[in-house]
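See below for the structure under consideration.
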Amino acid sequence: MEKGVTFHRFPFAPAPRDVREEYQRLLDEALGFKRVLDEDGEVVDEQLHPKLSPDELLELYTLMVRARVIDAWLLRLQRMGKVALHAPNKGQEATAVGVAKAMKPEDWLFPSYRELGAYIARGMSEEEILDRALNTKDDPLKGSDFAIYGNRKYNIVPAPVPVGNQIPHAVGAAMAAKILGDKIVTVTFFGDGSTSRGDFHAGLNFAGVFKSPVVFVIQNNQYAISVPVTRQTAAPTLAVKALAYGVPGKRIDGNDILVVYSVAKEAVERARNGGGPTLIETVTYRMGPHTTADDPSRYRNEEEVKAFERLDPLRRFKLYLDKQGVLTLREAEEIEKAWDSKVEEIIRRVLEKPGLPRDVFFHNVYSRMPWHLEEEYKEFEEQFEVAEELGLQLEE
Amino acid sequence: MEKGVTFHRFPFAPAPRDVREEYQRLLDEALGFKRVLDEDGEVVDEQLHPKLSPDELLELYTLMVRARVIDAWLLRLQRMGKVALHAPNKGQEATAVGVAKAMKPEDWLFPSYRELGAYIARGMSEEEILDRALNTKDDPLKGSDFAIYGNRKYNIVPAPVPVGNQIPHAVGAAMAAKILGDKIVTVTFFGDGSTSRGDFHAGLNFAGVFKSPVVFVIQNNQYAISVPVTRQTAAPTLAVKALAYGVPGKRIDGNDILVVYSVAKEAVERARNGGGPTLIETVTYRMGPHTTADDPSRYRNEEEVKAFERLDPLRRFKLYLDKQGVLTLREAEEIEKAWDSKVEEIIRRVLEKPGLPRDVFFHNVYSRMPWHLEEEYKEFEEQFEVAEELGLQLEE
Amino acid sequence: MNMVQALNQALREEMRRDERVVVLGEDVGRRGGVFLVTEGLIDEFGPDRVIDTPLTEMGIVGVAVGMAMYGLRPVAEIQFIDFVYEAFDQIVNNVAWVRFRSAGMYKTPMVIRGPCCGGIRGGMHHSQSPETYFMHTPGLYVVMPSTPKDAKGLLKASIRSDDPVIFLEPKVIYRRIREEVPEGDYIVPLGKGRLVKEGSDVTLVTWGAMVYQALEAAKHAEKRGWSIEIIDLRTLLPWDKDLVLESLEKTNRLVIVHEARRTLGPAAEISAYVSENHIDMLRGPVMRVASYDTPFPLAHEKLYMPNVARIYRAIREVMQW
Amino acid sequence: MNMVQALNQALREEMRRDERVVVLGEDVGRRGGVFLVTEGLIDEFGPDRVIDTPLTEMGIVGVAVGMAMYGLRPVAEIQFIDFVYEAFDQIVNNVAWVRFRSAGMYKTPMVIRGPCCGGIRGGMHHSQSPETYFMHTPGLYVVMPSTPKDAKGLLKASIRSDDPVIFLEPKVIYRRIREEVPEGDYIVPLGKGRLVKEGSDVTLVTWGAMVYQALEAAKHAEKRGWSIEIIDLRTLLPWDKDLVLESLEKTNRLVIVHEARRTLGPAAEISAYVSENHIDMLRGPVMRVASYDTPFPLAHEKLYMPNVARIYRAIREVMQW
């Protein structure tokens, strides 16, 4: 560790030409917009068009379908009062699946709460999702926060509900991997609203300074609940925020799974090879309400939702697959129907499962229960006797 | 309040040409570097050269001198054990004075802890500074945190010691003024290190979204204690951070009072006239230690400090004044000496003053003392009797 | 009228009365807040005074501090109080301490309000009771209403307070409790509790939604012939010592019930205060019925929070002395 | 050896023992920390394991959480603990609750350490004692050493703990107290207090720099013939109940002394716990000697914090029962 002037970057001079040129390039990407497919599934960028086999394409499609199907079912289950809350994913499947498929299994994912497609793409089954949402005895997160999924088995770290909290975690994990010499990459998802949080600022800044192997994916679905992205920031795009941290920012069509896959793959591999972090703004649209507790008619028109339907990532990809001769539209629909029945079947089974033990929340607070919690546990157990004495049926 | 698609900014398209062009301009300014005077006090930018009268120039000089003199005295007083802590200002006088003189008295200043020149420029006397630093009975901040100055009389809001906290305050005050229709501007100072804090992110973002009349001044003095600015961020300049918020960012020579004054004036008036916020990165150098508790030899070389001496703002401005025929170098030195004696005189007087009452900290916690504090106050009073009983001399 | 409507009315009336009052937060404008507490305000007062903000609690609170210093009376909504922690730095150093730091030259007359507490199956981050963090921070008032009428009067008092107020709204009773709420101006003074129910054997101190659990538990106790006095503190800092001591003088038995966690929950202060200054008033232990010292769970929340059985058990315990 | 050196040694030994241990924070590298606790570590372990960070406590802690989840054992320095509040969101939701949120699949074995408490004329933001904020947060351990030897042993125990630890260092005794500190490996277990001094009339529970004030006060009390037992808790959460109760069994009188503010300061919990579960052990009031419920002042800090006179006064009070 040397001391001295080497630590100053052109202090009393303008940025040198190479820096200016690099930033020029970064600015172009951050204000631009890349897509492989247009609204009708026509290829418009051959260079970014990934060379995938029909099987691989079919897999991407199936994953998006599975995400949409389970999403719809979770919505229904919430309406039936079975699920506490659901944050619909509809319309955002391309980003979730595309990014997840660009990662390796050993890479770590730090999602938010709107990426069912990514969980499935990394191996989480519908049954597990339902165990979680219904808090059955097999709920891998044992009745902790709602609308959150994760499992160490798939290197999916369950998200904190306070949005953005996971951003520095992804950076820290990436720094740790680098320190330990593990050639893995971390990826984190978050929304347009989350870019306003301190965690975003801290995370991006650390990643820039330490050149950490991390990829940041902003799902810009145009809204943070009711707040439109134009009210979230005066910056013209979210990708341009990366430039504040010396990090490249790319703006792409988040409803086009092919561009998502290509650009994410490039970013992930760049990170793996020591090239440092990338921020990707995937432009998308939240077709449903913010959550099942939301009423979007208070802040947006049905016409708007309609207008964005043309951009539906499944619609566009189906048209592409059809044109490519991978799958006809009818075959595509059959896949949807098949998954729908399959999931219905699973739900029937999962609904039968018993719930979590009533003392579940006493566990996993500490590695070993300290004395004060043990004493509280005793009081906890006593309440059932007291209730019996009073002839009370305790709500659980 | 209309609902609907008007809230989306080119969602599925690249930024339009006008936005690109504007950002191009912003990028140039943020990566550039403006100065009016070169190292030898020669004018190198006539356009930015403010047309000031000899009296005005003399005032600028005197204010910088006064800042440097009181700074040196505070350092000495700290070494004598009279002052708890001092954060030396040496080398940063041009930014402090230049920005303050670009403001109107009714504008609000939210400083940090290293802007003696700004306080003086807005009317704070050396005596008041000393009352504060020595916590005499006239300390306007009544013995609260050290190294902090402020007084409502001059619209100088005393800074919180946690760096950056004041940034959203300046924005909030600016938003309030706009809501109330007051044509005032707020200005806030902070350091390069403070740009990493959540407060910076939140403040800049709000200012961009609400087009608030606020000017942000980053004193980039190359260090946050021992951490060089290159370790603070991977961005090539700090001014470029403004672009993440849709705010213009300008990078200027902070050791050239003329460019500081010109650029700050323009930003302040732009804000006053509804043009919104500006961020100014003043490139400067902290010639002294971080504070009197610091030992900079642990992290930087004497050669480095030497190298930056040529850029001393007073030196450069003296050369300019001499060349302009406003003041000879000898006259300039006499002004310094005169202020030094004057301040020595004031110190003698202030050192005689009694301190603050021993119960001072019970006040100004609430508008009226609540019962629990009243009860504590009684206990407080009793301790003196107890001490007497024990034959103890209580330390105060 | 329910509590949401009462709070909405309080805001509306205060905004009409005093144009320095502004509302800001996430989704408070066109959405009217996720619980509709600010519904319709933007239509009457416009987007300058009903401000949809970017998603940062630190920013909301930090900016509100600047507004308050300048002369406005901001009411900052935290969408769920569980998200307040990003603003904790601003709350401690600035909301609470600007007056002290500036020796009274600047002040922060502002309200930070938001839904708190459990009971809606909200899980870890839509259920918390963070009173302690604020009560331990000098410079703040901490308030929690339990009825629509009190909610309106307390919110008005909070907005008019020259000191900053943390205003916690038990969301489980937002729409569940209805009562007559006077139209127009009245305040419920900060620092004053409410005698919910007279009794002579045990003083039961509580607040927020726990008032209703306490009432239920008292019924069971009274079946056994024990007479329970219930006090709703309403303001937690400073809490109404006089009301509590007056009651204790009669009962000599104290049970404190709250949704906050036990360890250093607010009951600890009340208990310690009484032990320190009035131990002679106590005939037996001071019992605390609180949530357990774990994060707030999604599963089995009704067994996590104090319930009738647990409150009854504490009453039974003190009645043995 | 003084406490700074002891802490430095603990870090050095742990970093040698376990390469997963890393240190991060503002100025911890070449500067060696503003109090030199991390001095020289960067020379031995390099900048990958001794990491100078950008200036954001939220970032330091948030990034450390990610490191800990991945498998490192980060020791995050907060330059002065008074600056920890920006990280409060990360501490509550993640440092403390990752284990719970993930049902034990991920954990956060990390230490957040920093200088705390008053006595160096540090003013409002270089003097605070924030134990309460952490003790009310389940999932954390909260530790404060009062001697160099304990400091080393407790820091080692904290680094090895699978649960996260908030490690508070009373900076006023960093260099003031010297004692023999064993070279090499030993730990002081978390959760165990230390009997500083035996006595039979009053149990005085305290920690940190207040241990020394307590010893002084005890001298004065003993001149009056009152025998004082002093307990240094060392760990505040979970605190050593057994040690306190054992002592109380003998003395039946309890005084708790801390630098944290009175209202909901840690003493409130200890007092309330004893009142709730062992009121029969108490012969009189449980006295609290604490800092006052105001921000920490620059002027007259020695009258703001507990001092010998105030502690003596509390002892005298309980001795009247």
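The first chain written gets the first letter, and so on, giving A, B, C and D; residue counts start at 1 in each chain.
Assume a residue touches a chain if its C-beta (ideal position, glycine included) is under 8 Å from a C-beta of that chain, and two chains touch if they have at least 3 such contacts.
If you're wondering where the values come from, they're calculated on a predicted model, not measured in any experiment.
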(request) Kindly list the shared contact partners of chain A and chain B, in label order. (result) C, D
(request) Compute the centre of every chain as the mean of its C-alpha atoms, then state which one is farthest from the centre of chain D. (result) A
(message) Roughly how far is chain B from chain D, centre to centre by C-alpha average, rounded to an integer in Å?
(response) 35
(message) Centroid of chain B to centroid of chain C, CA atoms only: how many Å?
(response) 39
(message) Report the inter-centroid distance (CA atoms only) between chain C and chain D in whole Å.
(response) 30
(message) For chain D, give me the residues that contact two or more of the other chains.
(response) 29-30, 53-54, 56, 58-59, 85-86, 89, 93, 97, 100-101, 124-125, 138-139, 237, 263, 293-295
(request) Indicate the residues of chain A shared as contacts by at least two other chains. (result) 3, 139, 142, 144-145, 160-162, 196-199, 201-202, 205, 209, 231-233, 299, 361, 365, 372-373
(message) Tell me the shape of the graph of touching chains, choosing from line, ring, star, complete and other.
(response) complete
(message) List the residues on chain A that touch chain B in their complex, please.
(response) 3-5, 7-15, 19-20, 23-24, 27, 31-33, 35, 196-202, 205, 208-209, 211, 220, 222, 228-237, 240-241, 243-247, 251, 253, 255, 283, 285, 299-301, 303-304, 307, 311
(request) Going by the contact rule at the top, pick out the chain C residues touching chain B in the complex. (result) 20, 22, 29-30, 42-43, 47-49, 51, 53-54, 56, 58-59, 61-72, 74, 86, 89-90, 93-94, 97, 99-107, 138-139, 161-163, 191, 237-238, 241
(request) Please give the residue numbers of chain A that touch chain D in the complex, ascending. (result) 1, 3, 108, 110, 139-142, 144-145, 148, 150-152, 157-158, 160-162, 165, 167-177, 179-180, 186, 198-199, 201-203, 205-206, 209-210, 361, 363-367, 370-373
(message) Touching residues of chain C toward chain D in the complex: what are they?
(response) 58, 85-86, 88-89, 92-93, 96-97, 100-101, 124-125, 132-133, 135-136, 138-139, 237, 261, 263-269, 271-272, 274-277, 279, 282, 284-288, 293-295
(message) Looking at the complex, which residues from chain A come into contact with chain C?
(response) 84, 135, 139, 142-146, 160-163, 193-194, 196-198, 224-227, 231-233, 293-294, 298-299, 355-356, 358, 360-362, 365, 372-373, 376-377, 379-380, 382-384, 386-387, 390, 392, 394-396
